[in-house]
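Scroll down for the structure; my scribbles are underneath it.
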Amino acid sequence: MATSSVVETDKVVNETSDVASDRQSVLSVKDLKVVFSGFKALKGVDLEVGENEIVTIIGPNGAGKSTLLDAIVGKSPVASGHVYYHGKDITNQSPYEVARMGIGRKFQNPNVYNELSVFDNILLALKGSHGVFASIKSKLTAGKKDKIISVLDRVGLLEKGYSKVSSLSHGQKQWVEIGMVIAQDPTLVLLDEPTAGMTPDETHLTGEIIKTISQNHSVVVIEHDMEFVKQIAQRIVVLHQGEKLTEGSVNEVQSNPKVIEVYLGREQIDAA
Amino acid sequence: MAEVVGRIRQANYVPKRWLVTSLVLLVIFAVFPFVAGEFQTNLMAKLLLFGTLGVSLDLVWGFTGILSFAHGVFFTLGGYAMAYYLKLNLSATANNYGGTLPDFMVWNGLKELPWFISPLQYFPVAVIAMVVLPAGFAYLIGSFIFRSKVSGVYITVITLAISSALTTFFVSQQAYTGGTNGITDVSKLILFGATVPPIGIYFIILTFAALVMAGSWWLTQSNFGLILRSIKENEQRISYLGYDVANFKIFIWTLSAGIAGIAGGLFVPLNKFISPVYLGVAFGTQIVIWVAVGGRGTLFGPIIAAILLGQIQNSVDRITQDWQLIVGVILVIVVLFLPDGLMSLLPQKFLSKKSSQLSRSE
Amino acid sequence: MNVLPINALSSLIHLAQATPAAKSFDPIAITNQLLNGVGIIGILLLTGLGLSITFGVMRIINLAHGEFIMLGAYTSFVLQSNFKMDLLLTIPFSFLFTAFIGAIVERTIVRRLYGRAVETLLATWGLSIVIQGVVKLIFTAQLKYVKAPPYTRGNWTPFQIGGQAIEISYYRLFIIFMALLLLGITAFLLYRTKLGREVRAVTQNRDMAKCLGINTSLVDMLTFAYGCGLAGVAGTVISSLKSVAPPMGQDYLVDAWMTVVTGGVDKLVGVLAGAVLIGESNAAIAYLINDPTARVIVLAAVIVLIRYRPEGLFTVQKRS
């Protein structure tokens, strides 16, 4: 499948977009391959994420976007290639070990505890010792309460603190999960379609929250909504059929003929 | 908004309503043997013990979502530890076979006490064994099965296999276990030089039940309990928050088996024998039924169900031998029409403890 | 609770008195023991086949499966004692009767609990107690006996070596023949007929099947009834091996589950593989050591297998 032109594009991109190189590397994915019973979901993807940087991943359905995040957090087994986090090899580590190192993940469909209150969801995610005995001894201190209040405030769910998550709207559940990621206070935040099911206003607000997060966290976002991508994007990575098609700024990507062909083409024609 | 902030700041764990209810129940149970006859006292002690066994299963099933048919196994292992002690105790003082060997060993041609059974003639060893044996066995199994991708119904099938395999094993090792009959004709429990009367056993069991209830309540209300409930709802998600789910499962599984083992140990002085019947799938299912009928994820549920079903059996037994049929009908009806068990019949405000940490503090 | 379940596998081995007790590596004895294993394979296959429909295809955890086996055995008992019917002729009646009860159970209980595995498990366990209780009310707990057809008595001796016979009882051959026949019929129905296609469509994508105009509710009922009917036939075929009694189904339940889980539930061939594996390893270890040890070892092996391959031996791994 990999035509020579795609490879060429890759090379060009590597020369032009060395934005990450002057920052300290937080995440470095090298030639990552993931295979599901014969189906090659990722065919050797590279990805660099620098400190306090927002990287947006776009690509049509089945491009391997979610699989890439799954492989980073240890959910999907990596067939070959490596994932480095702060220079340390974390390939195929257990999800909980990856989380403890400071990588937070928000899933495509809000993956939250519907039977628990919003408060309990945030409390579970709160940074701290996650061992068995620590959790038995753990007390709900004033400091923790304040932290939870500030997280709830930040995602606009303070009034819903008592509600069971199952009673919330889809967009609000997305925010609960974003709140959980904030409460984890990870170094690297991975967000899979954080605005799916949100109104334009909610989407915009989410964009602002993500920008605030990126002031002291590195962020990787998967998105479809191009307006939203323009709002937050610093650097965009385009995936297509398990391979990296190109990467660069919004303008670079939008003017790339390959991208127009496989992804933006339809939208631009529609817009015209 | 400020109101919510205020409520969160004041959130705490004081559960007055449950505290009062529990104390009232405790007083009722403490007075019970003085009002009821010896038969009812013994029956109630047995049902309290079964209920507590149900609570131990509820910790892993109702709260954590691991359905086990093997809790009868942990119960029985604790039971055998105590039964060996009582049997050896009897054999040492008064037996007709000359030596200190229990009758079933003599019948099966054993000449001396096997080394692995002999330490059980000492009370402290037996008491420790009745906890450590089942808990250690559970720890081994738990470490093996919970550190894998196995979950749900396959865990349940594994517990069926464990129960079935151990039954076969205990029946086949006649010389050491007493075979199908198990260990019978055990001595009375003697503590501090005095034989413990039935009422004494009742109060030991009541104390045990109260301690288990208090401990389980404290555990399930803590942050640990919150994590157990998250594991029940979605065990994958919580691992992405940095929790090692297997550790939590192994801990509660082992703890629960230890409680079941003590229950088994206390059962022997009351029941006067232990046998592989209690290892079997049928008894394992009986425990599951107490929890299901009482209400999964509630602490009083299994106790109420065990007492209720036991008393029904006791009264029906005089009329017909077919009380099991009635249990079956009750189980089907509860599952279809009362999925949260008998406890869900209580007024809603009473059940606030089931929901979130915040509402708990109201 | 007072009846200790007698193990189905080991009791069957006990029936085979032809096996020499000597633990030597006598090739004749070993062959005979492996042929004994064939009988066990037949029983496991028969009892597991129904489960591989209800659990494997429909994902319903039916703990009353053993009771459907028991109902099949009682159907044969009633027909034989009242009408002196040949056991073979009672098979269609067992099938229809247990399938009918299965259909009623699906309509009244299982249907309300689709997608709730634990509730289904509890309700079917309750049902198993009820069925046992009702049968006990009607027939009492007394053991009943069913006669095997006269033409299945005796042993078949294909050849003799140095005065020692290699032999297998006709009844064992009958059991394995019936098991393979039912497996073949089931495979044909499932993979070669329109109904089978609809069954697979419903279990793979219920909503899509509905859109295609398949009566999913009817398909559910028929599939469950068929699984129960298979259990009934199993009950008839094995009824003359031992006595018939209300708790007999319990003896087969755990083994049937182990068989289905070992082979893997996605393909029908899994149940055959599971039966062969468990049956032969059980027979082999029983020969080398003894029956109870064989059972303990086989169950332990099944636990280890589930631990490492919960999807069973013969299932393709899928994307989670």
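Order of writing sets the labels: A, B and C. Residues in every chain begin at 1.
We adopt the following convention: a contact is a pair of C-beta atoms (placed from the backbone, for glycine too) under 8 Å apart; a residue touches a chain by one contact, two chains touch by 3 or more.
These numbers come from a predicted model, not from an experiment.
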Innermost chain, taking as reference the mean of every protein Cα atom displayed:
B
Among the chains, which one keeps its Cα centre farthest from the Cα centre of subunit B?
A
Whole-Å distance, C-alpha centre of subunit B to that of subunit C, is 32
CA centre of subunit A versus CA centre of subunit B: separation in Å?
45
Approximate Å spacing (C-alpha centroids) for the pair subunit A, subunit C
50
Mark out which residues of subunit A touch at least two other chains, giving numbers and ranges.
none
For the complex, give me every residue of subunit B touching subunit C.
67, 144-145, 148-154, 156-158, 160-162, 164-165, 167-169, 171-172, 180, 275-277, 280-283, 285-286, 288-289, 292, 322, 324-325, 327-332, 335-336, 339
Residues of subunit A defined as touching subunit B within the complex
73, 75, 94-96, 99-100, 104-105, 107, 111-117, 119-120, 123-125, 130-132, 135-136, 138, 140, 142, 145, 148-149, 158-159, 161-162, 164, 180, 184
Of subunit B, residues touching subunit A in the complex:
1, 4-5, 7-9, 11-13, 219, 222-224, 226-227, 229-230, 233-234, 236-245, 247-248, 251, 355-359
For subunit C, which residues count as touching subunit B in their complex?
1-5, 7, 10, 61, 109, 112-113, 117-119, 121-123, 125-130, 132-134, 136-137, 250, 253-254, 257-258, 261, 290-293, 295-296, 299-300, 302-303, 306-308, 310
